[in-house]
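Two complexes follow with chain A in common, the first pairing it with chain B and the second with chain C.
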Partner chain A sequence: MLSPAIIQEFEQLCGKENVQHSSATKLAYSYDATANFQALPDLVVSPRNTEEVSGIVKLCQKHEIPIVPRGSGTNLAAGTTPTKGGVVLLFRHMNHILELDEENLTVTVQPGVITDELHAFVEDKGLFYPPDPSSGKISTLGGNISENSGGLRGLKYGVTKDYVLALEVVLPNGEVIRTGGKLAKDVAGYDLTSLMVGSEGTLGIVTEATLKLVPKPNHNQTLLAVFDSLEKAAETVSAIIAAKIIPATLEFMDQGTIQVVEGYKQIGLPLDAEAILLIEQDGPEEIVASDMATVLTICEEYGAREISKAKNEQEAEDLRRARKDALSCLAQLTPTTMLEDATVPRSEIAPMVREIIRIAEKYDVRIHTFGHAGDGNLHPTAVTDARNEEEMKRVEDAFAEIFETAVNMGGTITGEHGVGEMKSSYLEWKVGPSGLAIMQSIKQAIDPNNMMNPGKMFAKSTRKRVVVHNG
Partner chain B sequence: MLSPAIIQEFEQLCGKENVQHSSATKLAYSYDATANFQALPDLVVSPRNTEEVSGIVKLCQKHEIPIVPRGSGTNLAAGTTPTKGGVVLLFRHMNHILELDEENLTVTVQPGVITDELHAFVEDKGLFYPPDPSSGKISTLGGNISENSGGLRGLKYGVTKDYVLALEVVLPNGEVIRTGGKLAKDVAGYDLTSLMVGSEGTLGIVTEATLKLVPKPNHNQTLLAVFDSLEKAAETVSAIIAAKIIPATLEFMDQGTIQVVEGYKQIGLPLDAEAILLIEQDGPEEIVASDMATVLTICEEYGAREISKAKNEQEAEDLRRARKDALSCLAQLTPTTMLEDATVPRSEIAPMVREIIRIAEKYDVRIHTFGHAGDGNLHPTAVTDARNEEEMKRVEDAFAEIFETAVNMGGTITGEHGVGEMKSSYLEWKVGPSGLAIMQSIKQAIDPNNMMNPGKMFAKSTRKRVVVHNG
Partner chain C sequence: MAEAQLHVRIQEGFQQEVEEEKLLDCMRCGFCLPACPTYLHSNFDETQSPRGRIALMKAVRDGMIPFDDSIEESLDLCLGCRACEPACPAGVEYGSLLESARNVIQREKKQSMTEKVARHGAFKHLFKNQRTMERTTGLIRFYQKSGIQALTRKTGVLSLLPSIMKDMEAILPIIDKSKIKKGHTYESTKKTTKVAFFTGCMMDTIFSQTNQSTVKLLQQLGCDVWVPENQVCCGALQGHSGELDMARENAIQNIEAFLAQDVDYIVNNAGGCGAFLSEYDHLLKDHPALLEKAKAFSEKTIDISTLIEKLGITGRSLKLKNGRQAVITYQDSCHLRNVNRVVDEPREIMQSIDGATYVELPTANQCCGSAGIYNLIHTEMSMRILDSKMEDVKATEAQFLLTSNPGCLLQMKLGIEKAGVSDHMEAMHLVDFLAEYVEVE
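What follows is the complex of A and B.
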């Protein structure tokens, strides 16, 4: 509970209308898109500019109040829940596209800009901002940067960090720094830009970002291939890459996901198929045509029982939406969905999906898997009920074994969602005790009072491993 | 001077033949490719594996001996001179390509592998490792990673950091960590991989790296366009990008450089031209053909007085070598060449080159400029004589003003060479006092005893600015 005097200091800084502390507001910002994590904030503040953000940080330092920067809260790792209470920072006023620089192919934005709004804005000028998290309709660029968001185009185009050229950041001491520039090459000192990207609000607050753009690809083609066997689908993925084709999108859904999506969307997905692949290429017309002809041949060769090509952009968008809405469809099955992002090298997709199926059976929980096959970023999703504590325990144990299996295959506990509070006890499995110690020493150096999004990324204790492998 | 007892400890660890301390050896490793910086090491050690590297680091900690990791010493910022003495680490035994993973499109290497050897190795399999520093014939991948090397293909393909997926690093305390993985997506904790890339040996020693590969482009075309006016050449660069074409290479030489290169290579460059552009596109045949047809039209439109297309790979390689050998040609003019890498946004190339000419006149020094026009990475190169102290002072002052001008244009003091000892007193101009303080706090957190490449990146005092701009 903050005293009225302290609240008044925030009001004087940002205006009374931008400082909220009603019970309803606090409840609304007590959770994000992650199931089963909740904590009440003390205050919800909406600064209007960088100076106000800096002022808020200084006030928080003075009164020892935790700070939780929050975009649209679409992250799935409890990255924006106010675990230790404190001030939730909203960027609803700082949501402007500040500059499009067509000569240097950059766009400069405030953190509150919605991802898909930026897509539309730059595509209108014949330019392209590739990162496309599935939540792009509502996620913000500040959130994307803090989480280093991926998306469907990661394989060919990379992820958010590959497009962040420069940042304005308010540090935990309230100072404002600018990193990078409109520069393809800059090696002046440590790469603070990359350090801030994906730091989940634990090292500072991004108040402005300059993003790299590329020319918009002027053609694309989308196809859907249906497989009776999971292995054949995975082999198809490998064969496409072996043919030296890097598709813009190479997505995967397992049987459970297909059935649920078809149940809700009725777009004609075959309910008895073991896997489908959604494959898209973009670029110059002749390249798209020749790549997709090769892809089609490979799908046939590897026994796809059905291949449908989108005849126009509407059909392509329907196919994409079927994949992007997989989570929403699954969410209609049960009160609680827990979507994870265990990621493995591309070569390990088929064994990993098989392991997920085995683990779900072992713990008697329902898990469906879809995701980005091209980059090994899978989304095993538990459909469950958070009110059933005994079942939740089994779900948690199943995910622990899934994370461990991914790490043992050379993968990671999180490909694009971040560690947040949810996966903080697993981080050491991926980075090792020395890696974790280095990360904590960086956190300590930059945020010595642990004011920035406390309770995230670093857990007090690491979870015990489920299975100990020697590999 | 190290005692015989201490030297013996290193010999016991790595074998007598891998520990050198003759006067000749110490002299050989007292300098790198950077003019005018020299300091004698105490010992030159060539470990055979990661365990030995870790052992060396622990011995150095025990006896408080500085550690300077060194590839081929081709850096141009005094990044590998043993400024504070100590142990120079060589990777001549750790120079193996460990694994090519064609399914995941990765290659795993030891730090001592020569850059161009890796190029040849992967291209032979139809794959491609894009970063191509001009020193690639002798530079090592460990060096490229430590300096985050760029090269001629930076505009289209990015720089070294864009291709480093995973690292094995020996930390300053001797512990070994592994960062990243064969993963396109990995957001588990802070991005230690990016922090290590470009950290110039000040945070740890890279002992293994997994690099991302892409399919090898199967065609390329190269052309040379000659301009009477510098502005017209710069406008051509902008017009090519505005036409939504991103060439693989877009290089620039000014009149002084042209004259010197032609003097030595006699390939028919016109001595009275104010600028030439070397433009190359790679990719599928039809795209290369259509892009280069557009480029040709743009060059004509902007008044190129002569355009020559390479008729075959030999001619293309001759043109590329003319550009890559610019430094070697300039180096034959005078006893000392100082090649810098002030970098500006692409839009500022023409004003920046004009400023360099003005500054050279102001300080009465000879500076020729060439470089990577597409990414704004210029190489103003002073041809001078280090024995003339008075002239060297003027050269230094001229470069100070060049760096400041670049920063004031939104650029940086170093695009691809690193800060090293040479530019350490300028770093604050680019990153500001708060940015510098954050970098130093990271250094302090990871290397508290300042054992790793001391005297680099962070100078005791920042150089006074030459001109104070308000912009």
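What follows is the complex of A and C.
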């Protein structure tokens, strides 16, 4: 509980209407999209500009109050859950597109701009901002930058970090820095832009960002390939890449996912298929046509039972949307949905999918898998019930083994959701003790009082490794 | 002490009546947020969002936070438009959760005076009894003609409602006594289909002309139209405001009245009523003796645009009378769209009229802010929503703004008046537009 005097200081700074602390508001900002994490903040503050953000940070330093910057709360690793209380910082006033620079092909935005709004804005001008997380219709760019969000187009176009050119950041001491610039080349000192991207709000608060744009591809084609076996689908993915084709999208859904998605969408997905691949290529018309012809041949060679091309943009969008809604659709099955994003080198997709199936059987848990097959970023999703402690323990153990397996294959514990609080005890598995130590010393140097999103990224202790019995 | 007891009573009420399984269906992905008008018009305040409201219900139920005014305000400020339902990939039954929560709050909480008086006036008097509604609307008409404000102040009908009522009365249509006779069957020459017509209380009084147009159109398309005698208000306004028992009484009476004859469809021309009628089976789920009948009733319920589409209206030649040309646009009825999922039918009808250019209103799928009696109780939010809606409406440059629900129609008329475009734009029910301006071969 913050004293009325302290609350008043925030009100003087940002205006009374921008400082909320009713029990309803505190509750409404007590969660994000991660199951099983919830905690009330003390205050919800909506600054109107960078100066106010800086003022809030200084006030928080003075009174030792934790700060949790929050976009739209779609995080899947408890990254925006205020587990240590404090101030939840909102960007609902700082949600403007500030500048489109068509000479430098950049767009400058405030953190509260909705991802899909930026997509629509730049595409209207014949330009393209590729990162497209599935939550794009509500996620904010500030959130995308802080989490280094990926999405369906990661394989060909990369992820958020590949499009951030410059940032304005409020540091934990209240000072404002500008990193990078509208520059393709810039080697002046440490790359602080890269350090900030994906730092999950633990190092500073992004208050403005300049993003790189590319020309909008003028043509695209989408196809759906249906498989009777998971392995065949996974082998097809590897074969497409081996044929030197990099599709804009190469997505995968298993049978359980197909069934719930079809139940909600009713767009004619085959309920008896073991796996489907959603493949999309964009670019100049001739290249798209020749790439897709090759893809089609490969799908046939590797045993696709059925291949259908989207007839128009609406059909293509229905298919994309179906994939993007997969997680929420899975939520229909059981009270709790636990989604992970273990990622492996793309050559390891088939073995990884097999391992996930084996692990699910071993721990007797229901895990459905979908994901960005083309870039090795899988989303094994456990459908369970948080009220069943015994089952939750098995789910946790299964995921631990999945992480371990992914790391052993040269992969990672999280491809695009972030470490947050949920995966903090696994971070060392991926980065090693020395890697973890250097990360902690960076955090200590920039945020010595640990007030920026505390409890995230770094755990009190690392989880004990499981012993993986292969074969 | 009294306060403590209240929040405990509400928590217990939630535990018994707000289903945990339905709350747990929400996995908090946030995909509902961009569909929620109160979220958008509160400048993205999660407290005023479906995800926030579901979390609030769950937190109160679980005892994480005690029920208080801020929680009540959040649940109260919901329009109940249910635009979050089609947006939800997890299939959360938000409308049902909200209804149960409001029912508990309404029952347990001593109502504040203004609200009590407003609800008393609106439900007990206006909507319960058709004759009162007729008398009241007659009074409004008299008020319109005479301009004697003192009279309505004395009767307490208008003056206890906020200033919006003054704006409202300016746009109320001329009220005629309904010419549609209850108990009568209006026969057609072809007799291909038999329907029972749900007249609705607002449609039967304020918009009685629309009912006449509806019956005529159905006759023209080969329907015998029976108007059951003992029908009453559908109960939607009561149900949405937490007066579920009152709503159930009406439902039971309507089921008896309409199932007295064997008909192909039970047709209505008010999206809000239609949605509620189609969910009678849900409303009466704890009344096993009536459930089968309720299901039969709900299954036969159909809205006018879907029915005339089924009867082949778009296959006929439709053209504007006298070679006229006009731009038309359409504001969805939220419940027709979000509950009954009727989206294409009205549009297909409008698009098949020669001489009319149909322009899609970009925010047609978002609530206009009418929402039952929401505009009377939460006038500020309602007007914020309406003003923003009218900007989009103006951009369509339509001469006719069509809707499928009386509440929306009144709100659109108010919007046109407020936006100062009444000299070149008119709001009409789709059926009235067809009757007045369209030649149906």
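The rule is short, and it goes like this: the second predicted complex is superposed on the first by the 467 of 471 C-alpha atoms of A that agree within 3 Å, B and C clash if a C-alpha of one lies under 4 Å from a C-alpha of the other, contacts with A are read in each partner's own complex, and residues count from 1 in each chain.
By our rule, contacts are C-beta pairs under 8 Å (C-beta built on N, C-alpha and C of every residue); 3 or more make two chains touch, one makes a residue touch a chain.
Just so it is clear, the structure is predicted and the values come from calculations on it, not from any experiment.
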{"item": "First (chain B), second (chain C), both or neither touched by A:Gly410", "value": "first"}
{"item": "Touched partner set for A:His93, first chain B, second chain C, both or neither", "value": "second"}
{"item": "First (chain B), second (chain C), both or neither touched by A:Lys430", "value": "first"}
{"item": "First (chain B), second (chain C), both or neither touched by A:Ala184", "value": "first"}
{"item": "If touched residues of chain A are counted for chain B and for chain C, the larger one", "value": "B"}
{"item": "Which superposed partner A:Gly268 touches (first chain B, second chain C, both, neither)", "value": "neither"}
{"item": "Contact residues common to both interfaces of chain A (with chain B and with chain C)", "value": "none"}
{"item": "Interface residues, chain A side, partner chain C - complex", "value": "20, 22-35, 38, 40, 72-74, 90, 92-93, 95, 112, 114, 135, 137-138, 264, 325, 327-329, 331-332, 335-337"}
{"item": "For the chain C and chain A complex, residues of the former touching the latter", "value": "21, 24-31, 33-34, 43-47, 49, 52, 55-56, 59, 64-66, 68, 70-71, 73-74, 88-91"}
{"item": "Chain A-facing residues of chain B, complex", "value": "101-105, 126, 147-148, 150, 154-155, 158-159, 161-162, 171, 175-179, 181-192, 194-195, 197-199, 203, 214-216, 238, 241-242, 244-246, 284, 286-287, 290, 341, 343-347, 372, 374-377, 410-419, 423, 427, 430-432, 434-436, 438-439, 441-446, 457"}
